[in-house]
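Both complexes below contain subunit A, partnered by subunit B and then by subunit C.
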Partner chain A sequence: MFHWLEKHPFFFSVLVFAVVAFAGLIEIVPSFAQQSRPVIGTKPYTTLQLTGRQVYIKNGCNTCHSQLIRPFKSETDRYGHYSVSGEYAYDRPFLWGSKRTGPDLMRVGNYRTTDWHENHMKDPASVVPGSLMPKYTWLYKNVADVDTAYAEQLTVQRFFDVPYNKPLPMKDGSKETVKLAATLAGARAEALADAKLITANMKDQDVKDMVKEGKIPEIVALIAYLNSLK
Partner chain B sequence: MENRFKDRPLEYDYSVTKLFMWATIVLGIVGMLVGVIIAWELAFPAVNTMFGSAIAEYTNFSRLRPLHTNAVAYGFTLSGVWASWYYIGQRVLKVSMAESKFLMFIGKAHFYIYAVAVVGVVVSLLLGYTTSKEYAELEWPMDIGIVVIWVLWGISIAGLIGIRREKAIYISIWYFIATFLAIAMLYIFNDMEIPTYFASGGIGNWFHSVSMYSGSNDAMVQWWFGHNAVAFVFTTPIIALIYYFLPKESGQAVYSYKLSLLSFWGLMFVYLWAGGHHVLYSTVPDWVQTMGSVFSIVLILPSWGSAINMLLTMKGEWQQVASSPLIKFMVLGSTFYMFSTLEGPVQAIKSVNAIAHFTDWIVGHVHDGVLGWVAFMIIAALYHMAPRVFKREIYSKSLMSTQFWIQTLGIVLYFTSMWIAGITQGMMWRAHDEFGNLAYSFIDTVTVLHPYYTLRAIGGTLYLIGFIMFAYNIFKTMSARPVEEDELVNASPMGA
Partner chain C sequence: MNKIYLWGVIITAVMLGFTYMSVLGSKGGLNGDIINILTVAAAAALVIITIFVVIKYVRQMQVDTATGELAEESWDGIGEYKNNVPFGWAIIFLGTMVWATWYFVIGYPVNAFSQIGQYNEEVAVQNKKFEAKYASITGDRLVEMGESVFLAECAVCHGISADGNDGAAANLNQRLEVKTVKHVIEHGSKNNLLYAGSEMPDRNGLMNANKNYAPITDAEIDTVASYVANGMTGPGADVFAGVCSSCHGTDGKGIDGVAPNIAEFTPAFVVNILNHGKKGVIGTMPKLDKLNKKQKEAVGAYVTSLSK
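So, the complex of A and B:
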């Protein structure tokens, strides 16, 4: 059979493809039938948080920080409850990372504050002596791209039924609704309002001034995202 | 057309091979240089702002790291593979590119569109346009470019096979076909994404897209892809190279046909299952993790099958290892392949992975594979092809030998330091004191790595120096040696 295949490259290729594709069919397709369902308390990202998530991705934070707490005592001691699949239901893309040059950030919102992030991102070694993390000074000057985050929100709402503007069950039995503005202008206004809440706890005068002028620096969006990780 | 070359030997046309050889060297230097820079950044964070704080955004570790991986995997490696394809393809199928104007056009288009895409990739990654998925960072406009390039290569493979004179296709061609098919499937499924600009009716940045999969599903598809991008960029095409170049250079026949069959079909079936070992102890289904772990162990068989087949091809001719630096590259490459394909399965065992995952040991594993096996084989391929493509002897055999030893030392420093760093950090993360509290804060497990990061950076720098020697040697070969009339059958002609 093999000698015959070697003289008939077309059938050879068909067989190679079948053998190669087999594992994917068995492993991946069944899992998609069970779409990942959000656990109670998981909310889609607000416009400002999603803007911050894009800043996180743009700056490659995931090359050094994981967002996956494994079910070991040493990890739950250090980072909190181990990760559960449903918590990632609204994560497109997933941001588990593959390398912990820095610590895991899955629940960083539980134990770090706006103030801590503001100082840390400007000069990490001044907050954590010995840190290898570069200074992310440009985040304090670059204006964040709220529009693209809003476009992403509209896209996931339209194509994947992400439940914006719908009451969602929380852990304490209450209901919460994550709003999605009907217009781009509305989304910008909401993001700016959220940004003002963040900058109320910040010191950098340039950042505060930018927000006053209606511009949101990347650092503010990023902190909004990091604070949402719980 | 059948009779055109009846009375004289085939004249192969290497114009596309030459173009891709250039790309291999240029992208090799770029990719490895970026790698060396980010290695020093980890050892000494001040290097992040060394080029000026005004452009620190574009020179810091997290922006450059994807550029490094993309430049060496899809730049250097694929260029080397394609240079070899346009050389090996003609020779084992017994047909010249010059015989078909169409295939020559496709080959040239393949190269030039690729060259344009490379520029696009570099610029877009530096600007921070990324999907964040490892080895699939490129945003959708780039993805479309990659698909075009891949289809052109596919046409070239099918076309050359279509007009072949040699009926049976040689082992190397099996592996090229497998590379083409598997990457096409993996890349398309992993990069399913929706451009948000069009989906939202023209809001925001048109470059941006959102993944069609979410959370755990996204992770599963990504590592099904990620692991097998390694399989079908760093393994199968490189096996295609060694199955051709080692027998040619040594003048020995491949040791066992049956072993080639077993390892080829075994590799095809087993490799795809193993992706699950990247997401052990995560939130993907447990049985997927277990399958990933088990099949990683099974994977030792077909991997070692190829490697042993190559090493035994040298049976009775081991003196060539001492006398020829080119054979040295290939034999050590094959050995590193064995080494790396044993190390990987060990790391895929769940209890080992609990320590190794997220640490530098994984980085070490990748690099003993790519520096020792992939890059050494591509370097060997170019050294074998250069005298035949340019019809000139290799400029300097002793320079080649020096390069070999400098790079080997670089690899050894690299992987030993990363082993120690990874296992040290993995053990420190999980250490508890006598009261059951964590023994170390996270920063303790970072500062302890400084000496190993420095050693790794030195190792990487040595490897880059060796690569620059290689570039110089090839350049001098084309420019400073007299033209030879006859082509040698086996060993590459070499100067002093």
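So, the complex of A and C:
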């Protein structure tokens, strides 16, 4: 039998491929399926948070800031609980990053607040002496792109079955629902309502005025995203 | 003499020369440092051993001839001797087998390693060390520890000198600012600092008992705010007695389970804020869950020491 295989290299190759591929499938797929399940307490992003996430990517925050806390005491002391794979279930793409010029931001929402981000993004060195981070002043003027974020939400809901408008279990046993508006106008209104909650804790008058006029500056969306990282 | 010895000597000399130039001849030199000395010694030894071994084997290739009985099979003209495996090799081979068995069965059993398990062990060891070294420290050492925790965790908002970074956070070099007290009186305090649901009412809920329970006035707020911020001195004692003392006590030192001590700045008060976070006139401060109990105590001791 094996002699026959050796004489027919093409079929032999196909069989070898099939055997190795099958072994790979039964090894890898179940483990992926298990570990990519969202952990309890993980929520999909709201429209404003997702807008902020795109601001984060657009400005290249992930080139200097990682979002992956490794299981070492030195890291968990500084950043909080180590990351587990299920926490990235709604991250498309995930923003693990590979270089920490700045600190990790995986759980920055636990230990920084809206007003801190507002001061920091305007002039990082004013709150962190010696900080290398540049000033991101344009975030206070540019209007954030809520429409694209809403499109992304609709897409992931439809194709990846991301559970918007469904009750999700939280760590304390309660249920929470992340709303997704049925129409674009609804999504804009919801994002604006969230933005108003954020600006209530901000000081910049221009930003407050913009939100009052119904425009959401990028900084507000970014802060909404950063506050959601927990 | 074979040419190869000559080359060996030349290459050794050149490499030792480079070593000399890069370390001993440089500005820093050995600097009397034991690590530097050992490193240079190791570099020299490496050069000499390498050259010696290379020469030995090159010579062996030049002079050695293979001997022994040839195996009967010939693979396209390539033969094989029937010699035994060299004794050293056999020992290493068997040793590897024993070691591999130990490795998989006893040392690091398959499936027994977990990254998280290793992390938990690391944390347990560290916590034990921390307990042994710091659990019982008090006084100046506690303040010192508080300072180092403060610099790592608190200075990003409150500034390295704790001055609040030009109003970005509270200035901790003074106990209280008038505007802070004023804000609390006007807006109340809903930070659940004492227990869940513990709230101080806003100005609409504050009445002056000495004036027939009339709601607190703007003038009264100004007076009593500076009275409290100045450490219960100056004008305003009458307003405090009428409005605040029913919860905070006549001396302002608080009543257990009802209201905190506002006459003094206590470490317990700071620990409370670290536990619950706080929203006040300047902005929101997050709670600091990542600090352990002793660290919070230490920060409390340090922060209260700043305004003394």
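By our rule, the second predicted complex is superposed on the first by the 195 of 230 C-alpha atoms of A that agree within 3 Å, B and C clash if a C-alpha of one lies under 4 Å from a C-alpha of the other, contacts with A are read in each partner's own complex, and residues count from 1 in each chain.
The rule we apply is simple: a contact is a pair of C-beta atoms (placed from the backbone, for glycine too) under 8 Å apart; a residue touches a chain by one contact, two chains touch by 3 or more.
Quick caveat, the model's predicted, so the values are computed rather than measured.
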| item | value |
| --- | --- |
| Which of subunit B and subunit C A:F72 touches, first, second, both or neither | both |
| Contacts of A:V143 with subunit B and subunit C, given as first, second, both or neither | neither |
| First, second, both or neither for A:Y111, with subunit B first and subunit C second | second |
| Superposed model, subunit A: greater residue contact from subunit B or subunit C | B |
| First, second, both or neither for A:S31, with subunit B first and subunit C second | first |
| Touched partner set for A:P129, first subunit B, second subunit C, both or neither | both |
| Partner chain(s) touched by A:M170 [first = subunit B, second = subunit C, both, neither] | neither |
| Touched partner set for A:N201, first subunit B, second subunit C, both or neither | second |
| Which superposed partner A:A193 touches (first subunit B, second subunit C, both, neither) | neither |
| Overlap of subunit C and subunit B interfaces on subunit A (superposed complexes) | 71-73, 77-78, 128-129 |
| Subunit B residues within the subunit A interface of the complex | 41-42, 45, 48-49, 53, 56-57, 60-63, 65-66, 128-134, 161, 167-169, 173-174, 177-178, 181-182, 185, 189, 194, 196-197, 199-201, 203-205, 208, 210-222, 224, 261, 265, 268-269, 271-273, 275-276, 278-279, 281-285, 288, 291, 295, 354, 357-360, 362-363, 429-432, 437-438, 442-443, 446-447 |
| In the complex with subunit A, residue positions of subunit C that touch it | 115-116, 118-119, 122-123, 126, 156-157, 159-160, 165-166, 168-169, 282-286, 288-290 |
| Residues of subunit A defined as touching subunit C within the complex | 71-73, 76-78, 80, 82, 110-116, 119, 126-129, 201 |
| Of subunit A, residues touching subunit B in the complex | 2-3, 6-7, 9, 12-13, 16-17, 19-24, 27-28, 31-32, 35-36, 54, 57-64, 66, 68, 70-75, 77-78, 83-103, 125, 128-138, 145, 147-152, 154-156, 158-160, 184 |
